[in-house]
Structures are given as structure tokens and as C-alpha cells.
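One chain, chain A, links the two complexes that follow: it is found with chain B in the first and with chain C in the second.
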Partner chain A sequence: MAPFDLDACIQQLLRKQLLHEVLLREICEKTKEVLMRESNVVHISAPVTVVGDIHGQFYDLIEIFRIGGYAPNTNYLFLGDYVDRGLFSVETISLLTCLKLRYPDRIQLIRGNHESRAVTQTYGFYTECVRKYGSSHVWTYFTDMFDFLTLSVVIDDRIFCRMSVGLSPSIHSIDQIKVVDRFREIPHEGPMADLVWSDPDPEKEDFAISPRYGYFGRPVNLMVLTRNRGAGYTFGSGVVYKFLDENNMSHILRAHQLCMEGYSSLFDKHLSTVWSAPNYCYRCGNSASILEVGPGGSMYFNVFEAAPENERDGPSQQAAQSAGGKLPEYFL
Partner chain B sequence: MATSIKELREVSISHMPHLKSLPSPRIKTDDDVEYWKTTQSYLDYGIFLRRLNESVVGHFLPWKPESHSQSVNRLLALLGELDRWIDEIPPLQTPQRFGNMAFRTWGQRLEERCDEILKRLLTPDFLAVLPFIRPYLLVSFGSFTRMDYGTGHETSFALFLLALTLVRFFQPVPEEERDLVLTVFLRYLRLCWRLQDIYKLEPAGSHGVWGLDDYCFLPYIFGSGQLRDQKEISVSSVLRPPLPPTNFYNLAIMRIFDVKHGPFHEHSSQLYSIASGVPNWAKVNSGLFKMYEAEVLGKRVVVQHIPLGGLLEWGPVIPGSGSSASLSSTMDPTIPVATTAAPWASAGGARQTMMPPPQ
Partner chain C sequence: MSSVPIPPHRLSESPNSRSIEIYDWFITASTNPISNAPECDALQASLGIPLPEMTFGNNYLTLEHRPSGLKYTFSTPEALRGVKKGALVEGDGGVKVGHAEKTDPNSTLPMPDFVTSKPYDWTYTTTYSGHESASASVPEAKWKWIAADPEDPSQKIPLAELSRQDPILFYAEIPLFEDELHDNGSSAVIVRIRVMPTCLFILARFTLRVDHVLFRTYDTRIYHSFASSPPLIVRERGGWEAPYERVQRHLPKRDDMTPLTDPTFIAKVLTEMPKHVSQKEGAKTGWRGLGSKTEIAILTPVEGSTSQV
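Let's turn to the complex of A and B:
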């Protein structure tokens, strides 16, 4: 294939126009080569703007660039969960992939729990690819590329970032993350699953207190790490402080949980959650934020609301009807 | 159509002490999901749902029967009590990440008082079934850890009703089944909406625009069942709100209009496609059964939290209780069921197999 014009691709995607699937295959292949060279723990420097879950809310991704600045003028760290649920996951991940390929040192993409074959087959990305391209090829290109995404980023040797906080009984140190074999589908269990799934629980402030609520009413035992959602664990402040101490970090930054205000801080502000999908699923009424980390260690949550395009008919209607408007096979 | 409905087997209450295990989460892998589809409990659930669906065809809301059975009255009282707890446990006014922590207090009360309210529901006659239905009730209102609610929790409540019907606390006859849907399930639905609103429960594992609805599925099945055999209300009528609250389908769609912002075809693309592309309610109803089986019951991430075992057996289909566990037949009301079992074989056969050896 002839060399392609990446800048033209980015411009096309910013207008919310899909790229040809042959082009996407090439872009994903090239991006894999870039990602392959990254460690499981990528070290970067501030200033950088950190973005949480997007979930195919393309208009809101554009809103992020409007308020946070466009690449490469602003450095971005995306924490994952680019796809599923929203109507425009293909446009979202296409744009982010092109930006990564174009500016590999200014755009960092971490793998979220939705960057997985199994999860995207349930939560929409697979369906969207088939609806928009008529086959699952594009889904295959992207999910193959997801296997190469890094698992975590450290900013200025002190802020540890990833999708979920990813603490688990088998991960105590950043060095242990470095040796995980990440080039694979996210498994159901084990360290790699925990890295993308685990959540903190503000009620678990004390290491010694066991949580009262297990699934199905059974008291869970006194492990502060508790089995969570599809996989992973929940954990309390003791686990967080221990991890920060042992790894000489001052802060953990993650995404993965909806926040009414767009962000939340726990455990005396040693752990932050950044959430970047406003009015999640068109109904939650939540704000969103991006976190601007300055060179002096400053942290500013830039809060924003849903982009006005979300409320409009017009061009989006056409897209919705050609993309989402096809009758599901169950009704044929 | 009614002639093709399978009977729901009966499990005598006297067999409860002999059931081998208590319900617990059994589904861990995709293979487990495939195995579940071959089990007796899956077959029972398919038959039960289809019977509920058939019972409401042509019956609309508001539903005012002359009387409810004692069992229905007691379950309504139970749901009413759970609803009153919401008033007694107001949401915390302190900043919350999203879901309100007061929901955990509500959940804690449910756990603490579960046996007590179930004893009142069951009366001494059915007390033996308590440990086999308790886990389903506890999972019916959302996750108290994650403070979310979704179709897995809704399915758990339906399984709770199934278990109570297997032991004949509820009778599997059309009059009572209709009341289970149009009175009991409606009461449950309103309670769940209130829990979602007051405590701001997140959609659990929402499929977003690619799913039918963030929180529920069964109202669409029951609603399309109610509308199945009539022609006055068209499938596309739901695109022209406000909709009269005469059926579950309209109730669920109006709820979406209440809580979602943005163009309907965008945030609810599946419902929009159904409304604009499916010619009649019978097709909607049969399609929703297929979709429920594939998108809810067939997804490990949804069903992995559902307790199984005990009364809802985690084991192969009991001979005589149905032709097979192939649910496309029990799930799809438009496909007549060819049963090879003798009419008397379903309940009787099950009872014989489940009869414990003489003590």
C-alpha cells in the first residue's frame, strides 16, 4: 500500500468521517510497531493532560480538544475505555490511534478493560464495526492492536496512572507490572485482569476492617481486596498507602468509575479518579473532567459538560440511522 | 397458541430438605454459560417466562382484578415494606462519587431483615423454601457493593418468582400468572425505579446505545406480549410521545423519555430500529425473546452473579420435565412447541426423579 497522509486522516476524522478499512488496517499495523516498543510502565513528564473514560462519546472527545487544546500543542495521556456503549466508538478509536501514530511521544494510550475482544463483543464496539463497515474486519484490526497497548504510565516519577488502580493480591510493586506479559487478550483472572478492573472503596479506610457487603449478602472475609464487577478487586486506603510508600510514588490516578462531578479524590487526595464522559449514556447527568498536570506538580481538574452536538439532530441523525438504525437480527 | 404452552413442573415443598445444595454463583466461564443452557433451571425459566408472556396477551394496564391471591397480597406487602425503607433511609447529603452510599444502608437492612420478611411472606407452610429463594431476593435490587442495577438483577427477581411458582406458592395458571406480571412485576418495577432515582444507581454493565435499555429488559417483553394480538396500536406509535400508560412497553419508553436527553434514535438506537422497522407486535415479542436469551442470559458478564443450584438446579434436565433445554422453543412464543413427553409426564416425572431415597 502507498504511504498514507496521516495528517489528512486526522482532519477527516475530526470531521467525524470514517476512514477506509484498508487504511485502518495499515494504521493499526504501524501503531502496533510503535506500541510494541513501549514498556508496561511508560515514564513521561509534565505538562500533560489526563483523560479518563470516553466510551465512544465522540462529540465529547472533540469538546475535550476544544477546552484542553489540540495535539500536538497539548500532550495527552488517555487512561483507556475508548470504545463501547457510545454511538461513535469507531470514530473515537480511529482518531486516537492516528494521533498516537502521528505524535507517539505526545499522546499516550493506556489499555482499559474495554480494550478487549471479549468485552467489546458484549458492549457495542463489535456491533458498531459490523454496522458501519459491513464486516468485523475493522474490529479485528483494532482489537489486535489493543493487545499492544501499555498498562500504565508514571508522570514525573511520582504520579502512577492507569485505567483502574489495578491493585491486586499479586501486584505489590511497579516492577512486578513491568514483567507481566501484556501482549495478549485480557484474561478473566490474574494480575493483568486486576490491572484494568480494580476499584477503590472509600468505606474501606482501615486495613483491619473487613467490608460488610459481599455479593449475595455473604459477609466477605477480611481481605481488604474484594472481588469486584466482572473481575478485579476493590480495596481500601491501607492498600493504597502501602503501594505508594513501597514504590516511592505520591499519587495514584485512574479512571473507570463514573463521577457526578467529573472527578473524585479519595484517601486524603492520594488517589484521584478522572471521568471524561459527560452525561454518561445520555442519562446520568454527570459532569466530566480532564486533569491538567503542570510541570511544578500542579493538578487542575478542568470540568466540562456534554458537547452541544449531543442534543442536535441533523447530520448526526443521518449517521445514527445508517449506523445504529439497522434492525437487529433477532427481529428479521 | 395457548395449547402449545408447556406446563411448569412442580417441586414439592416436602423435598426442600433433600435438595443437595444452596444457590450460589456457578457461572465462571463461557463454558459454564453454555452448560447453564442445558440445565433444568434454564428450561424451567424459559417455560415460566413464556407462560407469563402468554398470560398477559390482550390484557392492559391499569389492571384491576377482583381480588389477588393471598400469596400475591403478601408479596405486595413485602415490596411495599422495602419501598418504605427508602423513606426511612434518605440519601446522604454529603458529596457522593455517583451512587448514594445510603443505598448500602438500605441493602444492609435487606440482608439483616431478609429472613424475617421472607418468613412473613411464606407462612409456616412454605418456610422450607426460604434458603432457596433468599439469595434471589438479595440480588433483585442491585449491587450494594457497586451501587448499580441492571438486567442481571431483574432476572434474579424473575427467578425468585419462578422458584416460588415451582413449589406452588404461586399457581402456574393464567389468572395468577397475569397478576404476577401486571401487579407484582409492576410493583417491583416501580420500586426499582425509585431506588435508581433516590440513590442514583449506575446502570450495571450498560450496553449504552447498543443495548435495549440501560436498566431493564422484561418490561419490553411483557409489554410487547400485551400488545401482540391487537392492531390499533402500531409498533411505531412509541416514537410519538407522550404514550398512554396502558402497557409495559409504553411505561418503559416513557421512562426513557423522562431520564434521557438527546435524540431518541441516537441514545436508544435499538428501540428506534424496532419501532421503525418491525412490522407487528408479534415480531417484536418473538424478537425480544431471542434478544433476551442472547444478550442477557447468554452473556457471562451478566449472569455470572446469578445464584444457581438447589431448587433452580445446576444439573441436567430431569427426564420427563420437557423435551430438551433448547430454549429457542420455550423462549419463542411464535414457534409451536412439539413436546414428546406425555401431558402428565412433566410434573410427575420430575417428582419421581427428585424423590429422595426412603430414609
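Let's turn to the complex of A and C:
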């Protein structure tokens, strides 16, 4: 294939026009080569703007560039969950992939739990690829690329960034993350699964068995459960402080936890959550934020609301196109 | 479109709520953003369980029938009060999910000490069917729910009438809560209402998916014909459940799993299964919500009641 013009691709995507399937295959292949060379723990320097979940809300991604600055003038670290749920996962991940390939040192993409084959088959990305391209090829290109995304980023040797915080009973140190074999589908259990799934619990002192994972009632197919539910531990302040101390870090930064305000801080501000999908799923009415980390260690949550374009090209317009005469109002 | 005459009614709207007044009824649906941090803290303290990640704490639907003083409400705090707090026992339908004893069987790292959290039903299963309260003007309102007479067609929900595409005078969809169970599935309650020229109809639906384990639905349907005399409300409630694979088999396309996130698809598959499968055996959790029942309430006017709405 002839060399392609990445800048033209980026301009096309910023106008929300899809790239050709053949072009996407090439772009994903080239991006894999870039990602492959990255460590499981990528070290970067401030200034950098950190972005949480986007979930296919393309117009809100554009809104982020409007308020935070366009690449490469602003450095970006995206924490994951680019696809699923929103209406424009394909446009979103196409644009982010092109930006990564064009500016590999200024754009960092971490793998979220939705950057997975199994999850995208359930939450919309697969269906969207088939609907927009007529086959699942594009889904295959992207999900193959997801296997190469890094797992974590450290800013200025002091802020540890993950999709979800990524502390688990099997991960005590950042060095352990470095040796995980990440080039694969997200497994159901083990350190890699824990890195992608764990959630903090402000009430707990130490690791806790989340009640969500505790044993209740009668056994239901224990083998399946053990295999599929092992992932994800809640953890508390003791673990956070210990992890920061042992790894000589001062802060943990994560995404993946919806909140009305768009950001939150826990454990005496040693752990922050940044949430970047405003009006999540087009119905939560929440604010969103991006976190601007300055060279002097300053941290500023830049809060924003849903982009105005969602009003004219949102779920109601899409529903009208695809309802096929069935009106949801006539429920039974 | 049929030629059903449209009765007089009045619609009103504020930024977060919409109301209709029709015959003796005053109905309000309020939809708002998810609760903010202070609201979540207060609600969590009052409920004693961790809240679902999408808690629409300020959403509600209320129906007021002025002559009888009936006030019927669907609200998020009450829906969550229906979630079992404390250790689960027989009948609660607890879904057992095992955390891995060791996350990595090949890991030689020591496990840290675990602290056990306060138990509650992590699936947020609730059979909440709305709740009643006396309206301020009629503290001694008279109504009670009794079992419907299966032989009496006026005591069941008339699907034929509801299938007719009469004009919808008022429609609202009110999410109460939703949680993704730490990405292990989904649990949600959504209430919908439509007011037609001849009747009002509500569907409050709880839907649970625990990936690779089970699906569960609990439906509450409320129907009132404006022509009923004395005024009558019919309420149908039912719970269904089936193992995950059994529902998955009904996917139209094997690779496309999105219907498994659609409450309407899940309810359709579950309710079309033989009763002994989805309403008796279920997913073998022993959940007491399985089965169906129909009740009615006669709305007797209370003397001296006035329309103070």
C-alpha cells in the first residue's frame, strides 16, 4: 500500500468522517509497531493533560481538545475505555490511534478494560463496526491492536497512572508490572486482570474481599465463577500508602469511576479519579474533567460539560433512524 | 391511528419534571442527573449499603388519585431499600461469585490479610413495586390490594387495548439506578409510564445480568382504565430467572452480544420460556421473587375529599 498521509487522516476524523477499512488496517499495523516498543510502565514528563473514560462520546472528545488544546500543542495521556456505550466508538478510536501514530511521544494510550474482544462484543463497539463497515474486519484490526497497549504510565517519577488503579494482592511494586506479559487479550485473572479491574474503597484499611465477590447463598457453578470473577479487588488506604511508599511515588491517578462532579480525590488526595465522559451514556447528567498536570507538580481538574453537538447528533436522532417503525413508547 | 376521543387533560413542565392532569389523576415524572457526592453520602448513610454507580437519587414518578387519596410513588431510595442488607439467607436469591483464592495460581507472592466487608446483596436485586402513601389531604385513604379474580377480565391487564396505537398523551422513562457490578454484568431499575386517552399504564422493570452466571427480571405493571367504575387499579408483578447460557442461546447473531444488555430482549426471552423453567427453577438460586401474581385495588372515594392537587 502507498504511504498514507496521517495529517489528512486526522483532519478527516476531526470532521467525523470515517477512514477506509484498508487504511485502518495499515494504521493499526503501524501503531502496533509503535506500541510494541513501549514498556508496561511508560515514563513521561509534565506538562501533560490526563483524560479518563471516553466511551465513544466523540463530540465530547473534540470538546476536550477545544478546552485542553489540540495535539501536539498539548501532551495527552489517555487512561483507557475509548470504545463501547457511546454512539461513535469507531470515530473515537480511529482518531486516537492516528494521533498516537503521528505523535507517539506526545500521546499516550493506556489499555482500559473495554479494550478487549469479549467486552466490546457486549457493549457496542463490535456492533458499531459491523454497522458502519459492513463486516467485523475493522473490529478485528482494532482489538488486535488493543493487545499492544501499555498498562500504566508514570509522570515525573511520582504520579502513577492506571485505568483503574491497578493494585492487587499480586502486585506490590511497579517493577512487577514491568514483567507482566501484556501482549494478549485481558485474562480473567492474575496480575494483568487485577491491573485493569480493581477499584478503591475509601472505607477499607487494607485489601478487602469486596462483598461483590464474597460468597452468598447457594453455589452457582463455582468453576465458572472462580474463573470469571477473580478479577477486581477493592482496596483501601493501607494498601495505597504502602504502595506509594514502597515505590517512591506521591500520587495515584485513575479513571473508571463515574461521579457527578467529574473528578474526586481520596485518601488525603493521594489518589485521584478523573472522569471524562460528560452526561455519561447520554442520560447521567454528570460533569466531566481532564486533569492538567503542570511541570511544577501542579494538578488542575479542568471541568467541562457535554458538547453541544450531542443535541443534534445524539441518541434521539440515531434512534429515529434505526427504530424501523417500532416506537419504544408503546411498551407492554 | 384509531379514532379514540381525546379527553381533556393538562400538561405542565419544569426543567426536571413533567406532569399531566387527567380525569381524577395528577401524575408527575421527574428525571434528573445522577446524585452528587453529598447526596450520595447522605443516601448511603441512610441505606447502609454502597450505592450503585449510577444512582438517580432525585428521580421519581408519582400518581395521585384525588377522590380516594391514593398516592403511589416510584423512587430511588425506596427501590434501594428493597435490596437485602446483611448476610443473605434462603430466598434472597444470592448469587455466589467466587473471588480467586489466589489471583495467579503460579504466583508465589504472599496474599495480604483480607478484611471482610459488610455483606449486602451486591446484585442490587429488588422486588420494589412502588410504594403507597396517604396524601396530605386524605390521611385515612381507603384502598387495599387484594388478589385479582382470574375469571374477571376487568381484573387483568388488557393487552389488546395497550397494543392499540392510540395517541400517547404523556410518556416518561425514569431510570432509578444502574450498576455494572464492577464490570461483571449489570443491574438496573427503569420505570416507564404512558398515559393514553382510555387508560394509564406503568412498567417498572428490574433487570440483572451476571456475566456467565444468570439473568433475572422483576416486572411490575400497573394499569388503570379511566372507564372503570368503581375506579380500579390492576397490578401485575412477576419475577423470572434463567442461567446465562440459556438466554445467550437466543441471540439472533452469535458474535453480537449487545442484546444481552437490552432489558426488553432479556425480559422477552425469559418470559417466553416455559414457566417451570424461568419462574420455578430459574437459575437455582432459590430466589423468592420467582412467579407471578395479579392484584387489584378499588379506589373508594373518601368523604369530604377535595381536589387539592
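Rule of thumb we're sticking to: the second predicted complex is superposed on the first by the 286 of 332 C-alpha atoms of A that agree within 3 Å, B and C clash if a C-alpha of one lies under 4 Å from a C-alpha of the other, contacts with A are read in each partner's own complex, and residues count from 1 in each chain.
Going forward, contacts are C-beta pairs under 8 Å (C-beta built on N, C-alpha and C of every residue); 3 or more make two chains touch, one makes a residue touch a chain.
This is a predicted model, so every value here is computed, not measured.
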Could you tell me if A:Tyr282 is touching chain B, chain C, both of them or neither one (first, second, both, neither)? first
| query | Which holds for A:Ser264: it touches chain B only (first), chain C only (second), both, or neither? | reply | both
Task = Kindly classify A:Leu87 by the partners it touches after superposition: chain B alone (first), chain C alone (second), both, or neither?
result = first
Query = Now for A:Asp105: first (chain B), second (chain C), both, or neither, which partner does it touch?
reply = neither
**Partner chain in contact with A:Tyr123 - chain B first, chain C second, else both or neither** = both
Discussion item. A:Asn310 in the overlay: touching chain B, chain C, both, or neither? Say first, second, both or neither.
Written reply: first
Exercise. Can A:Asp157 be said to touch chain B (first), chain C (second), both, or neither?
Worked result: neither
| message | By the touch definition at the top of the document, which applies to A:His55: first (chain B), second (chain C), both, or neither? | response | first
Regarding the shared-chain residue A:Val239, is it in contact with chain B (first), chain C (second), both, or neither? second
Dual-contact residues of chain A (chain B, chain C) 119, 122-124, 127, 199, 201, 211-217, 226, 228-230, 234, 257-261, 264, 281, 283-284, 286, 327-328, 330-331
Touching chain A in the complex, chain B uses residues 24-25, 28-29, 95-98, 101, 104, 107-108, 110-111, 114, 134-135, 138-139, 143-146, 200, 202-203, 205-211, 214, 259-263, 265-267, 269-270, 272-274, 276-278, 283-284, 287-288, 290-291, 294, 299, 301, 304-305, 307
Chain A residues touching chain B in their complex are 55-56, 84-87, 119, 122-124, 127-128, 188, 199, 201-203, 211-217, 226, 228-230, 234, 257-261, 264, 273, 279, 281-284, 286, 306, 310-313, 316-317, 320-321, 323-328, 330-331
As the complex stands, chain A meets chain C at residues 113, 119, 121-124, 126-127, 130, 136, 168-170, 172, 189-191, 193-194, 197, 199, 201, 204-222, 224-226, 228-230, 232-234, 236, 239, 257-261, 264, 280-281, 283-286, 327-332
Within the complex, chain A is touched by chain C residues 32-37, 40, 50, 53-54, 87-88, 90, 92-104, 107, 109, 111-122, 159, 162-163, 165, 168, 171, 173, 175, 181-184, 192, 194, 203, 211-214, 243, 255-258, 260-261, 264, 283-286
